[in-house]
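Letters A, B, C, D and E name the chains as they come in the text, with residue numbers starting at 1 for each one.
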Amino acid sequence: MSDKKGKPVPLANEGLPAGERGLFCDAPPREYAPAAKIVEDFWNWARSQSLWILGFGTGCGAIELRPLMTSRYDMYRFGIQPRPTPRQSSVFVIGGYASVKTLKRIVRSYEQMMGPKFVVALGSCTINGGMYWDSYNTIKRIDQYIPVDVYIAGCMPRPEALLAGFQELKRIIRAGKAEGQNEYARNFEWYKANQKRVIKDWNMPDYNW
Amino acid sequence: MDIKDIVAPFAVWKRAFEKPFTVRKPIDERPGAPRYRGFHINDADTCVGCGTCESICMNKAIDLVPVEGREPSAGDSGLRPRVDYGRCCWCALCVDVCPSGSLGMSNEYLWIDSDPDVFRYVPGVDAKPWDGAELGYRRAEGYRLLDMERVPMPETGHAEGVKSFLELVKGYSRDQAEREADRCVACGVCVASCPAHMDIPGYIKAVRDGDLETGLRLLYETNPFPEACGRICTRACESACAIGSGGDPVAIRWLKRYIADQVELADYGKSLPRAEPATGRKVAVVGAGPGGLAAAYYLALLGHKVTVFEKDEAAGGMLRYGIPEYRLPYPALDKDVDYIRSLGVEIRYGAAVGKDPALAKLRKDFDAVYLSTGLPAAYRLDVPGDDHPRVLDGVAILAAATRGEELGLGRRVAVVGGGNVAMDAARTALRHGCEVDIVYRRREVDMPADPEEIREAKAEGARLIERAIPVRVEDSGDGGARFVWNEAEMVQKEPGKRPVPEPIPGAVVTERYDSVIAAIGQGPDLAYLTEADGVEVRRMKPVTDRAGRTSVPTVFAGGDLVNEKKDAISAIADGHRAARAIDRLLGGKGD
Amino acid sequence: MSRAKIPYVPPEERAFPDLDSGKYLVMWQGPNHPGITGNMSLRLVIEGDSVVDCETHVGYLHRGFEKLMERRLWMQNFPLVCRIAVPEPDFNEYCYAAALEELAGIEIPEKAVWLRTLSLEMIRLASFLMWIGGQAGAFGHGTIAQWSVTMRDYVLDLFEELSGGRIYHMYIIPGGVRADVPPGFLRHVLETMTVVEQNLKDIELVMFHNAVMKMRAVGLGYIPRDWVERYGITGPNARAAGVRRDLRKDRGYLAYPRLSFEPVVGTESDAFERARLRLAEMFQAIDLIRQIVDALPAEGAFRERLPNPLHWRIPAGETYVSAECTRGEYGFYVVSDGGDKPRRVAVRGPSYTHAVSVMERLVRGVNIADVAGLMVSLHTYPPEIER
Amino acid sequence: METGILTRIGYALVSLFVITNYGLLLIGSMARISAKVQGRVGQPVWQPYIDIVKSTAKRNSIGHGIMFYLGPVFRLAGGVGTYMFIPAVYGSVLFRNFSDSGDLLLVMYFIFFGQLGMALGASEGGHPYSAIGVSRGLSQMTAFEVPFALSVIAVAIQYRTLDITAIVAAQQGGFWNWTVATNPLAVVAALIAFLGMSMHNPFSIVIAPQEIPIGPPTEYQSNLLGMLQTNRAIFNGAKLVLYMNLYFGGATDIVTMVVKTFLIYFINVFVGQAFPRFRVDQSIRFFLGVPTLIGIASVIIAAI
Amino acid sequence: MRELAEKLAGRYGAREWRDQRRDLSSVTVDAQRMRDVLTWLRDEEGYVHLAFATAVDEIERKAFRLTYAVHNHGTGHGLLVHCEIDRERPVMESIHRLWGQAWTYQREMKEWYGIDFPGSPRVDEEFVLEGWEGPPMMRRDFDSLAYSDATYAERPGRETRDPAAYMKEKLYPEADA
């Protein structure tokens, strides 16, 4: 990894003012081994039954989260609820396209979430650019920047599709396959390189959680 | 603030005693609306793979991909649209625009996967749960994004037309032409069907843009007979037209004619390429029909000196002698021929090769020889009495009409056959005041003639007698002939093949005619090919490869003489191919 | 309740507090913040509990629509425009279609006029229903939000039935509308209107006769009458300030001249008044929908034949078509250079004014707890700011 | 009947276990009732359990210094402490906790204690919203403590004791002996304060997602959040039991306790669903207004 | 409307008056006089509402055409006032003191087209973009697709075929040979 002038930039929090250094982590993320099978299975069940969505409407997709969290579809009965802070959330719903400016916030919010954390990507834009395939300001594949567990096709996916997507996510979690956090840690440098390639004014620490 | 402001809010509790708004099992209980724009469906058999959906898609969500077990054929590219749900926005413009109407949308909306690479599929080919869905978005009845109706061509009415040999079809005005050209979706499926593989989308675009010079240049790239082909081409392209899969095909032929009609011959030179510097090589072309002259044109463009030997007194071959003037007026044909001649092509009239000069001489005097002598010899009826003096030859009748000779057909005429020559003969006879019966072995739908021709022949008053197998011709004793045929029924002998007419025993009909015109096909006259020339002939045809090379290296052949399709455009394509092959033989690059 | 009138300060005369003094705290509200409509952010400088200075930061939803439209064919833009304002796509569709029709000289059939009006009024209702939930939610009244979003969903059901799409209807197509009403649709409309109206009455009772709501909203975000011109405020925000201005009346587009309604005008010009005005407009929309259902021609074409969309050229020219959306004047400025693609399409979203200039002014001096409520009361849809 | 200290600790633990579960189920069922008002079905009653297990099962967590960790601990201590010195069921050995060891003042101290501990921890988190939330929480707390304290004083004066068990004892013998019958003004003041204490609407500004996501616990996650959630259940239970004891005649068996506490809690939900929330300055002004007057009046009545 | 057109022409040398609709006209003035024209229209003629201001890149003429849409609520008439400025050195007088929201439009034009408005508040700050390094992206010589392809990774595996070319390949491959 190198900056624009070709000078190698170490992947760390160097260059932060001393006062801020304490606010950020000083080590890259690490992988977490699952607990003993029976314990992990129980935990996974609990994780799957208590999905807290980060209430960050990153794109159009947020529009269908409103019906989902209100009476008509009432996602609370499936153990899904919105949560205002990334610290307490376990599911990040990428609501469609992500502009570069938002991507920066997505990355930051994602990194602030506590593992295990899951990402649900809505609609075409997250898969291959969608309508904005030729836009100068939107990324095309979200999986280049953060690991994604479930994709839901549609533009916009209906609330029912979102619900079905969450059911699928639950299934994956219970099967112990939703290891996005570990994947992120494993390929951390790759993800960081991708992120820095599109986020031109990278002014945040590399380890920010 | 009054007390109501404190009490009224507790009215929320009313809701607690009512039924919740919640849908218990939304995924099961709420299917998409009957019109829901869900996942795509496609009737892969109706689809023609034109790619209009791809063109209209602003998301580049649709790719045209080859699918297993589907090969390109006339009017079907063999490709099928593959939708990328990483791009689609479900606007359904593709459904609205689809010319064949094969594309639709189901009301299914659930597709969830962890693998982002799976969201691509070929609707109707890759099996999906929503295949064949009844509900879902379809374009509104009667409303399409594309205009499915052809701009009507101004024509002389039938009652009026049958009275003279004036051209029936008047040609598009600028506005009409541009409107008609606007209907084209530029898919290019037609190009393969055109024997000459003309750049049809290209010249239609030129019409649309009003850029006729470009249009003419594109026409002449593959076809030096735009005036003629713009009128009488068998237009395989239009049968292949994607718009035709759900409506009237684009009037490609009329648009071609429009371009050629609009540009004055004097202006041709402005847009068309000039001949290359003379190479000093000489080529002889035998027969000044469309094929021969096409070869001459392209050879001349390449800088070769071309001499055309024509046995008749005017150039054009079957275009002139086989096609009545009301379909192809002679000035139009002359325009094409004159332009070819303007490139320095020399045409020697009245020069029947074989008699004078002999082919051997041509082979000696010229660096290459192109044989494009066509099919001048009409087939006989091949029934007893077909040598009766009132049994006439259709091609000869048409040629006589061209020469302005008296035809002497009498009052009642039977035309035997179902091809274009039969129709032309019948309509020519009608214009000479005859009553015409067209007698054909099979059904109307089986007729090889252009449906439009059949329709017009009927409209002009010709009576169509279907399923009539000629039995014999008898002399009627009063200067006419009695034509006897056996009524037939169509029998499906082998599954998958077209049905065959079988005579119904005893159903014999006899009619008296003044003339019986046989128009059941023509054969070649290969008398000029001597053993010494060494050109291998098999089944009455010189053996050639696709480029027209015969067994003799410097002798090429093409057109109806060797071509199965037996139409002008194929002859032109042969001529063009042969010209390139000859050029290569003479040391050129062949393009 | 006293209505504190905030003295008028032009935008350039900002406070610029001394951030190093230690008196102030810089705080970002958004983009990840439930109190922010959509995805935008406010950089607040706060002193204690009140806001001293505010800068809006937009662009989180910038997709470059106007650039993309210059790359696409006239017809290909039609699915694109509805994404500009997600909760009420139809106004985009109408303005774009109307601009094209004007430039190309196309008259749309009578039935399309009525169906367009119907769909605009239905989305007005849906959009307001979502808004009222947001307004109540911003003040902490979650119950209302639950009801009203459900009501909106019922209206979306109608759209789904009519157009085949829930959120992006893509129904108003240049030349007319996409499809005729399906069988039984008008009955469904009337039934839904009854349900929605009943529910709105409940909401009115609970939300507008609510002591706490009044304490929060009355006097909040007072917009002086002369700001309307000064800042180009339109729509309910302007009408709440006592300006009788409604493009449906003033421009008289579509079938509005043939419908009977009067613009709702308020006096107090604060968050509560604006909310009450929008509620009245919801009832008005229901009434208009009923009128339209009555007047809708049963027969007739609903779409005009257009040239082949693949190479449709529109004569050179320019026009500006505006419509009264829920937030005010929504407009499309379309320039054609005679080609098959637009030369320029500029979108005027009312939030542009309300959520940036006006918001920055109004939010000064407000308690930070009220920022969300204030923002919602101005009715902001960030995507139409940044496009 | 004197029992050994170990036995009492054992009993107290059982009692704590019961109140924790009761608190969780209460939260769960109230969520369902709220959902009903909102026209929906609502989360399962046992959802709070899953949430706690989920929080505990988080793999990583972030700390912001020692006070950050201690915050939830203090809060839990406050909750447990409050409960430990209240007799949950009057006359029951199992549920009497350590009520004979402490009095009303100690309990009130514990109610504060948790809040203060939380305040320290949350401020340590460094998030501006935490700090704002904390300051709001504390100022609102001071405000609602006024009517609450007045009401408690009224009760203390009325029964001439600070011993909760004694207060309960004094209310035995039918409805007309309950404080709610004998000094309704004190109960009204206390119930209004209770709305603030349990941070339901209209006094939910401290943890309001729309205004400050989500106040003090913004930075709390994983097992610390689990701890907070557990405490919420215990603390709720404790407060409800306290209110029941002070104003509604206590309970002599577990069923009565469940019914009474449920109804007291329901008042919160009943009001909460109907109103939006006050700003913090409004809520302070509110508490210092009518409820305080009522509280003063109740003290006067009690004194007379 | 004729009256207004004549007044504008007389006072400010306005030209190319065109009535687009009953309630919409357009007119062109010199860039230097734009501010005066808008002030006059606002204060004297009742065009008090600035609907929007935007620019069109007339790259062929090496100019930016600025459009200010003002509206007269009294007559319901809208006016698009145009002026052209040099594309190489695009500077325009700011009107942020005339309308309270104008600075936002000017900020947008600065970022999107690179047109400077000296004195306009926050005009040099980024508006919707962040860390943008390319040229002003609404200029017509900026190719959005090329930028996107070069910057953002695409999911591989897409390929399409042109029907005509495919049919040629399959049905008559020798045509060019």
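Everything below uses one rule, namely that a residue touches a chain if its C-beta (ideal position, glycine included) is under 8 Å from a C-beta of that chain, and two chains touch if they have at least 3 such contacts.
Please read all numbers here as calculations on a predicted model, not as lab measurements.
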item: For chain A and chain B, chains touching each; value: C, D, E
item: Set of chains adjacent to chain A and to chain D; value: B, C
item: Farthest-lying chain, centroid of Cα atoms versus that of chain E; value: D
item: Innermost chain, where centres are averages of C-alpha coordinates; value: C
item: B-E compared against B-D, more contacting pairs; value: B-E
item: Chain located farthest away, centre of chain C as origin (C-alpha); value: B
item: Separation of mean Cα positions, chain C and chain B [Å, integer]; value: 54
item: Centroid distance [mean C-alpha coordinates] between chain E and chain A, Å; value: 37
item: Centre-to-centre distance between chain C and chain A (centres being mean Cα positions), rounded to whole Å; value: 30
item: Whole-Å gap between the CA centroids of chain C and chain D; value: 43
item: Chain A residues counted as touching two or more neighbouring chains; value: 55, 70-72, 74, 77, 82, 84, 101, 127-129, 131, 133-138, 141, 155, 158
item: Multi-partner residues of chain E (at least 2 other chains); value: 128-130, 137, 142, 144-145, 155, 158
item: Contacts with 2+ other chains: residues of chain D; value: 35, 37-41, 209, 213, 273-275
item: Complete list of chain pairs which touch one another; value: A-B, A-C, A-D, A-E, B-C, B-D, B-E, C-D, C-E
item: Chain B partner contacts - residues on chain C that touch it in the complex; value: 72-73, 75-80, 143, 147, 150, 157, 160-165, 168, 170, 178-180, 182, 202, 205-206, 209-212, 214-215, 302-303, 305-311
item: Sites on chain E touched by chain B in the complex; value: 155, 157-168, 170-172, 174-176
item: Contacting residues of chain C [partner chain D, same complex]; value: 25, 27, 33-35, 49, 136-143, 146-147, 150, 206, 210-213, 215-216, 367-373
item: Of chain A, residues touching chain B in the complex; value: 71-74, 77, 121, 124, 126-131, 133-134, 141, 143, 148-155, 157-161, 163-165, 167-168, 172, 177
item: Complex interface listing, chain E residues touching chain C; value: 20-21, 23-24, 26, 48-52, 54, 56-57, 67, 69, 73, 76, 78, 80, 96-97, 99-101, 103-105, 121-122, 126-130, 137-138, 140, 142, 144-145
